[in-house]
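Chains here go by letter, A, B and C, matching the order in which they are written, and residues are numbered from 1 within each.
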Amino acid sequence: MTRTARQLAALVRGELEGEGELSISGVAGLADAQEGELSFYANPKYKAALANTKAMVILAGAEAPPRGKRTYLRVPNPHLAFAQIATEFHPPKKHLPGCSSAAHVEPGAKVDPSATLMAGAFVSKDAVIGARAVLYPGVFIGEAARIGEDTVLSANVVVLDRCLVGARCLVHPCAVIGADGFGFAFDASTPAHIKIPQAGIVRVEDDVEIGACSCVDRATTGETVIAKGAKLDNLVQIGHNSTVGPMSIVCAQVGLSGTTELGTGVVLAGQVGVAGHLRIGDMAKVAGQAGIMGDVADGATMMGAPAFSQRDYLRSYAVFARLPALSRELSSLRKRLEALEEEKNR
Amino acid sequence: MTRTARQLAALVRGELEGEGELSISGVAGLADAQEGELSFYANPKYKAALANTKAMVILAGAEAPPRGKRTYLRVPNPHLAFAQIATEFHPPKKHLPGCSSAAHVEPGAKVDPSATLMAGAFVSKDAVIGARAVLYPGVFIGEAARIGEDTVLSANVVVLDRCLVGARCLVHPCAVIGADGFGFAFDASTPAHIKIPQAGIVRVEDDVEIGACSCVDRATTGETVIAKGAKLDNLVQIGHNSTVGPMSIVCAQVGLSGTTELGTGVVLAGQVGVAGHLRIGDMAKVAGQAGIMGDVADGATMMGAPAFSQRDYLRSYAVFARLPALSRELSSLRKRLEALEEEKNR
Amino acid sequence: MTRTARQLAALVRGELEGEGELSISGVAGLADAQEGELSFYANPKYKAALANTKAMVILAGAEAPPRGKRTYLRVPNPHLAFAQIATEFHPPKKHLPGCSSAAHVEPGAKVDPSATLMAGAFVSKDAVIGARAVLYPGVFIGEAARIGEDTVLSANVVVLDRCLVGARCLVHPCAVIGADGFGFAFDASTPAHIKIPQAGIVRVEDDVEIGACSCVDRATTGETVIAKGAKLDNLVQIGHNSTVGPMSIVCAQVGLSGTTELGTGVVLAGQVGVAGHLRIGDMAKVAGQAGIMGDVADGATMMGAPAFSQRDYLRSYAVFARLPALSRELSSLRKRLEALEEEKNR
């Protein structure tokens, strides 16, 4: 498959600067691109990579360095245009509709005839599988769960009883939606931890992506919610009754305790931990490995454990790195002060 | 399903204060409860939620605020009574006994006729599946492994060769019991990491819950043990030859290295990491994300990485947050001291 | 199965000191070993365990304490010799070749007749399964993926389209190779996160071990690489376009962001997090839970988050632990200084 630079410019409504008839066969990052490929430049940090790339066509904003003999497609958001062109070259995989004879569909389940059920997929009674949904081998759908149209559940994904997954979602292998929340009451008389039934559900809204081996626990009562357009990376833990707000980004290995709410457009970097019963405000950003122990204001940027403002954290951490010197100086001052005091008292 | 307040009082041996004939249809937290539902009050932190709840019946201890026109059920442990009443409304799911024709049972395996094996479950030779045990689709049971009575293994759970799972356990989807411990010897001559065979097993005792995508590695020799009544959340890692003591609570994303022992009733909050060859004493508590690098005394409360006493850690961390100011003050003192010294030497 | 001490000495080319006809029935650590077993002594830290062990034969280096009435096998690397003898007692499991009638092989897939495909394994079209490879139940192999000879994929492992797994690899249950990298471009006009197609692959070279529930994401374009002889523990996350260098050791719950490169023989302890677009040099070591935010030099040892030299980190952390005292001393010095200044100005 190839496209001319002119065709790609039209696709992303970009302004062509250079050779429109160049034939492009694929896309890649600046460093990896080969001749005949298109790349993008969106960050001055990659000026050197731009200078050295073999890519023949570059998606670039107004601020890009002079194009030399390369061809530029000028667009307002090069990263976004790159996503669009990459999708042109690598469209989502098509699946033949139909239910494998080796899939298991319990009586009472409703599977849309345009859906794809591969061998070894299992759909429990009263579950509903929407139009053009795809269930890979090993997928388990619990009783009365609902999977929206055009949603793809990759191999060995588990969606338990009554949970709801919206339309156009993509769930990666071995993700688990709707396992029990972690709740026990302690009975000192036995002694034993007595299980609190987890009677709620998980509701995953439309256009959500959930990474491999990520776990979204069902609510104790009510709902755990992954709101529209949110994206979860791999190995993420979402505790019972929590909410991940619309378009929030949750990177790999993040853990949310129970009954915590992320606002709209929140970004949690990798391995962040969030305590329970908190709210993280809209558009807040949390640095990797931070531990959130209290509410976070809209738009805040947090770091550390327990986390506070990233700017302040980095300032404290800079002093932390020279604490041994600081401690030595304090000792030295004490001695000098003692000398002065002694002199005075003489 | 409904129960009267009086019936529920009898169930938990509570003292009824108010309207015994109220018809209750379900349970929920104070904030989420609807009319006709029961909730509980166990912590003064939720006084405001108590004032505003729509719940008509409240499980409460002696210290609860005046009940007003609500109905109270007085009990010594409201959280525990809530678990009991929630179980009345949401009893554990029943499964029809029997082995699906699409389950795979190797010759030599012993499956109790009262057990449930769903389509796609796999039981290897010489394995033993106890009475009323439930194996969901995608469950794999290795050779000579044993699953106790009334234990439920959810979808895609893996229990490898010779591992033992006790009675009344609940294992959530994609948990892995008995994968190889992580052990290699370095051969500098090749060079290569040479695998040390992991010849031991995992022993999970009775009444244990193991979360989704959690991994309990088999011992190199001997046993890795999850003792009676312990509860593990999702995405937990238990290294080879470690022991999780009875009734210990291990929250999501905790990692234990090898040959580490948790005592009785230990609580590890989310994302805690524990180095190898240590002992964490009975009833010790470890704050989220802490890194345990040495033995922990019985009853201690630890925080930080490397962890020490939580009280001391929080005091140090309070100073950490104002380190830039402290550093500036130190500079200022030095200058003032220099001025005094100069004057003296003049 | 038993072996004499003399036979085992020959196996590891060790020098026998003591009773060559002793019959040995197994191996264990010093603390766990029973009579009739062999153990090893490689670290002076275990001198007490050596004194108390029931093991009758000990693999030991030149520096071991006097053997008393025990039998020693002197070898240059006791840990490595232990691995070799343990493998003699616990050889890798043999599998009968052949494809279960309940395995699913799509037309166009090539499965070597000596490979083992258990019930419920699924091989997509154009995939290639090498000689003596073993696919446990629930394994999913995507289109045109290739699995090398003698590689074992345990239960519910997922290898997605076009990914390559080399020879003699061992992949533990529920590991996921080739799920999409986590990449989106933000479209402010909708607003929405637009998926960047993940068109690259994962290449796992020979002799690699990948732990249970670990996730290695496919590259956006190009390859994510796990190089020859690298060993990954459980619940590890490897982001798109990253490289784990030859013989590197990646402990449980480590997370690598995208486009990061580990050199040769790197060791990352448990729960380490590494930011994207970095290089960690050959033989570098990173302490548990560290957060790597910049390049790491060859051979460095790092700790903390953001990480710096472990030696320096521990020195700073020692002062951190006494910050409250340091802060009090600073206050005291200020007051004493003020007293001197006041006196001077009187």
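The criterion applied here is as follows: a contact is a pair of C-beta atoms (placed from the backbone, for glycine too) under 8 Å apart; a residue touches a chain by one contact, two chains touch by 3 or more.
This is a predicted model, so every value here is computed, not measured.
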- Required minimum of steps from subunit A to subunit C, each step between chains that touch: 1
- Query: For the homomeric pair subunit A and subunit B, should the interface be classed as same or different, according to whether the shared residue numbers exceed half of all numbers used?
  - Reply: different
- Query: Can you tell me the C-alpha superposition angle of subunit B onto subunit C, nearest 5°?
  - Reply: 120
- Item | Computed distance of Cα centres, subunit B from subunit A, in Å | 25
- Message: Can you pull out the residues of subunit A that are in contact with at least two other chains?
- Response: 120, 138, 156, 174, 213, 235, 253, 271, 289, 320, 323, 326, 330, 333, 337, 340
- Note on the structure: Residue set of subunit A touching subunit B in the complex reads 104, 120, 122, 138, 140, 156, 158, 160-161, 174, 176, 179-180, 182, 184-188, 191-197, 199, 213, 215, 217, 220-222, 235, 237, 239, 241, 253, 255, 257, 259, 271, 273, 275, 289, 291, 305-306, 308, 312, 315-316, 318-320, 323, 326, 329-330, 333, 336-337, 340, 343
- Which subunit A residues qualify as touching subunit C in the complex? 26-29, 32, 77, 79-80, 82-84, 86-87, 89-93, 102, 118-120, 136-138, 154-156, 170, 172-174, 207, 209, 211-213, 229, 231, 233-235, 247, 249, 251-253, 270-271, 288-289, 317, 320-324, 326-327, 330, 333-334, 337, 340-341, 344
